[in-house]
Amino acid sequence: MTEPRLRHLLGIEDLSRSMAERILKTAQAFHEIGKRPVRKVPTLRGKTIINVFYEASTRTRTSFELAGKRLSADVVNIGGSSSSVTKGESLRDTVATLDAMHANVIVLRHSVSGAAHYVARHTQAAVVNAGDGMHQHPTQALLDVFTIRQHKGEDLSGLTVAICGDILHSRVARSNLLLLRLLGARVRLCGPRTLLPHRAQALGAELYDRLEPALEGADVVMMLRIQRERLGASLFPSLREYSRYFGLNARRLALARPDVIVMHPGPINRGVEIADDVADGPHSVILNQVEAGVAVRMAVLYYCATEPGTELMES
Amino acid sequence: MTEPRLRHLLGIEDLSRSMAERILKTAQAFHEIGKRPVRKVPTLRGKTIINVFYEASTRTRTSFELAGKRLSADVVNIGGSSSSVTKGESLRDTVATLDAMHANVIVLRHSVSGAAHYVARHTQAAVVNAGDGMHQHPTQALLDVFTIRQHKGEDLSGLTVAICGDILHSRVARSNLLLLRLLGARVRLCGPRTLLPHRAQALGAELYDRLEPALEGADVVMMLRIQRERLGASLFPSLREYSRYFGLNARRLALARPDVIVMHPGPINRGVEIADDVADGPHSVILNQVEAGVAVRMAVLYYCATEPGTELMES
Amino acid sequence: MTEPRLRHLLGIEDLSRSMAERILKTAQAFHEIGKRPVRKVPTLRGKTIINVFYEASTRTRTSFELAGKRLSADVVNIGGSSSSVTKGESLRDTVATLDAMHANVIVLRHSVSGAAHYVARHTQAAVVNAGDGMHQHPTQALLDVFTIRQHKGEDLSGLTVAICGDILHSRVARSNLLLLRLLGARVRLCGPRTLLPHRAQALGAELYDRLEPALEGADVVMMLRIQRERLGASLFPSLREYSRYFGLNARRLALARPDVIVMHPGPINRGVEIADDVADGPHSVILNQVEAGVAVRMAVLYYCATEPGTELMES
């Protein structure tokens, strides 16, 4: 049977519910491959994947690079601080260049919201948004949902997910809100009042400006990374104050359901948004998220890079 | 039939006319591979290609990296600002080291003119010059000629090519002049008088210190990138003045032949040496050059890395 | 017959004499592969090797990267100055992340002594120490011994090896002392008195604070790289004074045995710890060391990454 393709993955809006579920199911198959002695399939042999990272990133870039290599694609990394190209115009020319080199997929991380959409308009390659400013990070949401389903079952309806931190500026929160709602979960957004986006209510989220009620009865608690560079902005309390009111510790976590899982996109600020005993405790699924990341990105690359009609994991 | 080998590609002088044509013909075969679903041949499996880039470069390094990977070679990147080794003596030791690791090909970009020749004397690996100071950039000339032949046919004799910009300091201009003359084209070099090399006349070029007459009746116009770091040197007018007298726009381009093609080695400075409507217009073949780059570099790596007697593109 | 595995290679203490000899023997087989037209075996296909280099390194990183690729593993590089993660806590989380991505081997270079041991306690992957502060660099010692055996035969007992330079701060000296003693060689450590570790006598070394007597009758002279950043510390004389008393030149080398070999881990400071005529002279085996490095690292990766029962170099 012919698999559908994904033209781009710029945001969760690019996914229908059935496409999202198809990606998650395919990721499940790839997840098994990561545990085999031979962690590789020939699915994308002869395809070209270019990771273009204008923002520093170790874990996301490594995750995409491994995903591509385990699919047998040729993977090339571009970027980092050495690339002087950060203005919109030049970004367009850079992407046109990669397109002319017959890239199949361009994985883009950029500090400007909307960069991935901009790039997608100027390339025949599929574009996967690996984080654009404060906008979206769709593969993060997919891997988060993958991890939730591992622990809570495939049906998310009836689950309560609390996302806590600087919601306003978080691409992780935005993508998760959209995907979780698409799949039927209840979403609570929690953070200091100045960091809560009031538009989110229209998307079906419940807003909390205190941590305790947001945690109450939650099935899933997703803590966001504090961007220390935002400190000093008037929107943001001091680190110490933030941690005091919005840091997750074992005592607060007891308000959630007994089988709650705790998530974090990483890298974590230990002792700031999350205490050590929670990050390393029995409810934490943070490393499961990392593991899921490679599998989910393999699935996304698969749907972006294969020709129509390709059979999954020919071998 | 046994294919000849290329010991090094340091400059266009390393090529006979027949070897140049052989590379261009082989590049044609590789050019097709870039469009296939599987963009990969096993030709250089088990060969080691090391890209040593002492100058920052995104497009040339990516082009060589993809060329090597699509030939199934093992490709390793070295360099960038993290490498502190920039003095001649250390360069020699670095190259001796890569040689001892049994590199088949060392692709070198270096800010010092003559660096590739220097390195070639100290290694058993084949050395491909990917740009050495103000000296040469032979694969750029080969990909430019490849692109010209795509549009103008295989025989360059009778064609008029105008190369415009800071000729004196341009390795692209130097390599193109030599290759175009070797293949029988007429070459016009055009730029501010202080940036024209008077020796070039001995190589058969015609010199122009104004843009309009250089464009008149040209079949090919090749614009050079302005190196902004040279601004302020006494040889160079201001950016605005430069653009006013030597920038290519649609009005000026009308002086050339109706079927003129416009080339640029990239990255382009939009609005400086080339206007948007020309760069993105119907005469522009700038992205064809990028596309040709991967194919031409595959061909060069093929002739440098294969053992004598290897059959092309065994598969 | 089933090959044994290596859980980690953090220091020479991880090796029994028979395991060390097994690695050296396997390296011999891989050494031949580097000279073949096809420098690649499928041994580690589908395995993931992650090079995590917190300290800048060209030769060691390249050597490990080539070793992994020639074994057909998927190799990913992380680090350099772009990685902000240098504190212990974050190092632990970084490694846990790589572990969750199912790395088979983590190759770590870090400026902190003991970093590799620390990391090894937090990962299921095998950890290979590629240099940790002033502590150890075990693959360097293995490749040095490999090179000595190439020139002096397999039995090191009866050989006298003089290691000269800043012994106190050298991870190369420490690993070599341990491995050479394990294999039965006599070891002389030589350097300015302030840079000699008096504990080393307990490990069976003879200490010399002058170069000439240390060289007398030596079969092997191993010069250490002067870390210029230590100049100015009170322990260290000026570069000129150091070179005058502890630099190796042809006149001094004549004190050693006529068939002496001269080694250096590289990169060399020509004219400081070693004179040009010695570095490039007939006794120098410095490039043989580099060549051996790839083979030895292939062997180490092989014993770290294969499942028990894997047959060597299936092909």
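The chains carry the letters A, B and C, assigned in the order they are written, with residues numbered from 1 in each.
Rule of thumb we're sticking to: a contact is a pair of C-beta atoms (placed from the backbone, for glycine too) under 8 Å apart; a residue touches a chain by one contact, two chains touch by 3 or more.
In this text the structure is predicted, and so the values were computed from the model without any measurement.
Mostly differing positions are employed by subunit B and subunit C in their mutual contact, as under half of the interface residue numbers are shared between these two copies. Rotation angle for the C-alpha superposition of subunit A on subunit C: 120 degrees, rounded in steps of 5.
Centroid to centroid, with C-alpha atoms defining each point, subunit B and subunit C lie 40 Å apart. Residue numbers of subunit A whose C-beta contacts span two or more other chains: none are found.
Looking at the complex, you find that subunit A touches subunit C at residues 34-40, 56, 58-59, 62-63, 65-66, 69-70, 80-81, 266-268, 270, 287-288, 290-291, 293-294. Taken in their complex, subunit A has these residues touching subunit B: 45-48, 50, 74, 76, 78, 82-85, 89-90, 93-94, 96-102, 307.
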